[in-house]
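For reference, chains read A, B, C, D, E and F in written order, and residue numbers begin at 1 within each chain.
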């Protein structure tokens, strides 16, 4: 059944839907009475809801992070839509579709999966092709692979983020490989596919993106190697030949070294051209994606600069008319 | 007139040609007499030459780094060609074509230049196109641009190295730009062209690659901005319009930030998507090129690994049968 | 027309003047009514103003960062002066003298300029003297030079801060040069003048000190070299001789290396005695100034220590009776 | 006279006792009147107290950090004990036993001291034994030694913390010394005793743990050496022999190097086996103690992880059922 | 058959034995003839051998790193034993017992193994006990475990080094665990056993200690996790119960985090008390062992200091009469 | 008795004097015989000496680092003076004046001492004046103070180096203090005097500059505080008043923090203006002195650059005609 997303709500509409509470406040109105103000959110956006003449009892029923089935009406107020809340009821997380409440990739996941399969099946190395197939036929794994974000914050932090990042990286690898004859295209494509595969066990999409216990204790690099070993054991069934020892080392090496430096959590540094190239294009894709999104989503049109981005350690230049620069210093 | 390159010398041949002395030793032979042993080099390679019954007088005539016009004969000795030296005469550097004695790009410089011009002239931004033209019509500059290495050591350290690096980067930029709609293709192409342009004043190709005084004191980043300013002043003559202020800032920013971090000598960090992308593809191209060449040129076929590469802080994996791994520890 | 500065206000006085709003709050009084509390500021200091029986409408007229023309009365309340606000009106920034609202150097700017000119004109090197003159006769530039702070925070962050810092550094250079015969006095004096000249284009004094777009994208080091190049092109007109190439390199080198280390944003490290000396005295003057001011301005007389100074990573010792130390640990 | 500790208070009890004010707020109740809410604390824990119908006058009598003699009644409210405050009076710090209000070691201080003396007196080196005795007979010093925390935050930050840490370290040294024949047991035991002795002058236990002026200006490493020198001058009186020069150097070296690296404030790095062992076991004991306490004291039983520990730069794994990990990502 | 070790050779003895060539030189004697000087080595030490009237032909038969079966006579010369070489023959590596030529632990390997088994079998946790048994019954693995060094250089770099290090660490863990009730003894013992187990696949003992290809590409941390996973799959056969999920995570976490910091190659930092304790005692044992050995083996009795130890970045203090310190500066 | 310094030797002169052997080689001459080549040195410079027809016996009598009484004759050979050695005899170090063989300050030590005393006695703070006097009347200490170098390498590494450095620093402090009213001149002067006083116990001038055992184990910072404490105990005898507690802390703080950062071995960072100023002028004086000397003493007049200075991590620019820069890249 299709739900009514925040983005679809319109002035005058009566609502009866489940939303996630992002923030809650019990406030005093000017006439001395109290009202409850709540930010409701789903994967499409968020809206402010107010329940008039609310009491502390109302307020104690739920907290930020809970889900509420609300009944109310949409109104236009000072140019923004808001919801007048008549009634609400708490809903348990296991009764909702959690991913309805998380941000999603803007791309069609099925098309991304199609492209992923295409890249993997077009490999000419029969061992790598067989190995890839062992992953592709694992429905459970691929279902998670298509959902997990690439991280809990920063770049590609949304449902489908890892898949989107990996497919774009394959595109990059595919276009650049001809320029670097010393780099084995198939190996690079396969390294792109595997480098973050451990994130399917490291990260969890609940009411938000978090680390699993195992993920936090072991890290996606080691988990990725574990997953590779499970599949590589089955590859000979498909290829009819033992998987070459050195080829396996090279794959493990790409997973293990892809952060590029020990200080970033790689147990070893890249020592093959493919591992090096993987490290650099991974970094390029993640960072450029991050810059472009921060610039696009910045809230303040009056400034030529984004807010200071703590994780990047800088503000980004959006450009356009920037008052600051023209302010000549006059007497 | 065409010279006789080291690579072309053959057993039994009589030689009369100028070479650069890479190393010189006066040694005692087993019969008590002395002989002079010299490594002679040109851009194609090097050969060992011996002059029998030499004296200290012979030895004092020249030093490593000097040019000698030698007469001698090529012989096969223990599987290697060597030269028996009958006679030599010192030649002043201004009498030789210095670049004959330095390593060169393997690519055809004219074709590289052709591709460079192509990329620059296919830009759709008229200001950038006009600016690029101001550089392209500066014959003296373009002549140096086509010769200078990308560095004195490490990657692309040969005549034509900068040009080769820049053209390959343009190819990379051209292929990746469609994948990142938030990145302005023309700006990135122009940033690729300009990012190391200061190296034409920072580096010098004499008997080897060195820094100019100005280059060492000021650095190619600042010199590059200087050169950009000289040309941008003339761009309006070609485009018929003033060069936009913000566009100039963005170009300067790409030059100034392309090392990516303050610790690597960038006065500011990248704050636009194009500057960020430039930094990453520059790094990718330089490092992959470096890895591939070190692997290809490694001298020891018996090992699956290259020598330890000090500047990279690691050995590189060449692969192939590696005895070490099979040596089981037996009682 | 002279304005009435905060510092001049006296008990009982009626005020009608423009101030900058530093902070704004609509608060409830004990009797249930609301009042508006505002911190008003100009370059001389700040005062708290209260408007009784204010409404949300009053509050919505302006924000922190706006200028208000206020009418009110000064009262002594609990030992502090405050303003009772009767009336206010918003004033556009272009109608005020922005620098009236920013902190200023305590020194007489004209005298500082006089000393600056003195140091520069007493140089014996005719090329440096001519070059200095090219800057001094640029009225527009010198007007900005006399206003810009040395930074947006930290040391000398006030109108006239750069000038004060530079003149004090010249004094330092003048006194130390005789102790270091290997250091060229003129070169050091000129380096002092030029090292931060790019800040006149990097920083902007609007309602506060900010970076210009160009300043943030390019940085004052590169902007300083640009400005030097503009002026050096005209120096021969004054000296009658071409400006020596090596002398120009040395000047550029001082600008480019004055942060002392790559990690602090210098593209190259100091490689001449003058560049090294400049780096060290710049650091000395900035830091000692910073320490002394933080100690002098610390608000808490009960402690022998200043607040923790985040940018310095430490608290500073003011001295005097410090209770903490005498508290013996008794049973 | 024994006081009534927070931990001992029971529902319905009337209280008349002195507590430290940890936090103070004047708040409005729903009926429009105001009440005073105060967190009261002593070494055993803290409790919330409320005084109804309080006025701003009440509130201005005291601040957080002050001591109050309170009269009131204990009530159970929503499952937690709170105090209804009828009356309070400010008490000067010199009228209270400061350490009653600070956290304490859970161990019996006298038994710790007994074990400390035991370890020191069982040394076989007569010089070290005599030196230790010079410390042990300094009652004033030993009284402070038994009280001072090992630090103001982080590990062992409670009254008696240094003593507890040192005695546990002696136990560690005693057990490990037989495994490392190259390590002199007596020297290591004595190094353990002396390494942080300067903290008796560096830290102060007032209303909280703070640095003394001297401590902050000079640091416990240098103060420790000073204290060693004072005592070593008297050791010959007890041993009848001059204290060996090299032995003194070795002791000073252990104090001076025990932070292990220059970056952690050691003027020299460990250069003897005993100094090295001291550094490592000190680190081990401090960090393990810290981990175990943070895990034990974590407030949130629902999570398998502690809060993020800023000073450690990580969260710690407590284990147990962790919901996060089981949340499978379902369609 | 027992061989004649270098350490056993005596003056006057006739030798016929295989040794490893550590160094080779063809030198001219004072009478104009040439002699061959060779350093011969086995696991017990090294000796200088000279063959008089040798020719270049003799010299070209072998190189450093080769094995020679030599015949000669031992002589005392200037207080040192040397060998006069009459005759030699090259021997292929596969004909010798490689470990005869490498340094060995001074401990009895069988006793070390006995103690290792004791510690592992005394664990009370049945899962860990069963897991340990899966390793102990793998004869091939345990044979390698008993041979591999703990590293190729630095500490415990000899045959049996890893085993010696691990057993000593178990002793440490066993003694310290009672002092830290928050640390699980069994988990720590098992962590000690497993932390470097990957070195059995990372390192190789050939003519010297080297990395295997897989070891260099993947690292012992990831290899160790692989080995744990292989064995943990079989533990339920012995214990009769599934291996607890969280227990496995804790073991993997200890392996993965035991270098303590990302910068040292740990993909994650320690987040459990056992992982933290393991990191610290591993570091303690390795470094103390290293210090003690460097001090013991230092060659220069005249100095109170060892040579500068590059890998430690310092000289170590041996103590004893040090001339330097007494040299008063006299006029 | 005055000795014959190397610098004074003239062509044709017969020598009979003691020199230090800096280097020794037994070499073969062209006619097959051997000769001994020795570099002889004293504080004024060095000269090459050759003894013809020497034997290994001659060579074994002495080593580099020994003193020889030589008899020989000075000859001009290829433009350089050399000594023909007829005869030599080893001399024990205790028979020579060690400092005759070490490099010395170029300044007159007595005048430096005079200036030092002047600065110290012109202090107006009676406590600091008394304290300074306690140092000045300690003849033994002042004798060492006048001899010790400021370091074993790098800057001021010669007899009298510390004194020269300290006196120049006092001059600097004296000139700058008036520019910084927040800096106490006397405190700064006294800090300059004391900051490296521990070097009188840390360093030793034997046949070269070395660390004492105590110096290496404890470091000059802690030794300096020890020495301050010894003297400060006597200051009240001279001033008639107890030495103020806070003043002592400030002095200790200056010694303890003068390296400026923990990473450079300061246990605490500067927290007073005087400590900060001391750190910066110390650094300035040391580094400028170092630059100027390296430039002055560089051996290669053909280059505009010094050799690469490893400890500085750079080459220094000497200036002058630099061929490299003019080499245009020509076809």
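A few comments on the model shown:
Keep this in mind: contacts are C-beta pairs under 8 Å (C-beta built on N, C-alpha and C of every residue); 3 or more make two chains touch, one makes a residue touch a chain.
Everything quoted here is computed from the prediction, not taken from an experiment.
A repeat of the D-E interface exists among A-C, D-F or A-B; more than half of the contact pairs are identical by residue number at A-B. As for how the two copies subunit C and subunit D face one another, under half of their interface residue numbers coincide.
Across A-D and A-E, the chain pair carrying more C-beta contacts is A-E. Chain geometry summary: the mean Cα position of subunit E and that of subunit F are 43 Å apart. Between the CA-based centres of subunit B and subunit C the separation comes to 46 Å, rounded to the whole angstrom. Mean C-alpha positions place subunit C and subunit E at a centre distance of 62 Å.
Residue positions of subunit E with contacts to 2 or more other chains are 213-214, 216-217, 246, 250, 253, 271-272, 315, 317.
Contact between chains, using the touch rule, shows up for A-B, A-C, A-D, A-E, B-C, B-E, B-F, C-D, C-F, D-E, D-F, E-F.
Chain contact summary for the complex, subunit D toward subunit A: residues 30, 304-305, 315, 317, 322-325, 327, 329-331.
Those residues of subunit E lying in contact with subunit B across their complex are 56, 98-99, 143-144, 147-148, 204-206, 210-214, 216-217. On the subunit E side of its complex with subunit A, the touching residues are 213-214, 216-219, 221-222, 225-226, 229, 246, 249-250, 252-253, 256, 262-268, 271-272.
Partner subunit F is touched in their complex by these residues of subunit C: 168, 171-172, 175-176, 179-183, 246, 250, 253, 269, 271-273, 276-277, 280-281, 283-284, 287-289, 291-292, 295-296, 313-317, 319.
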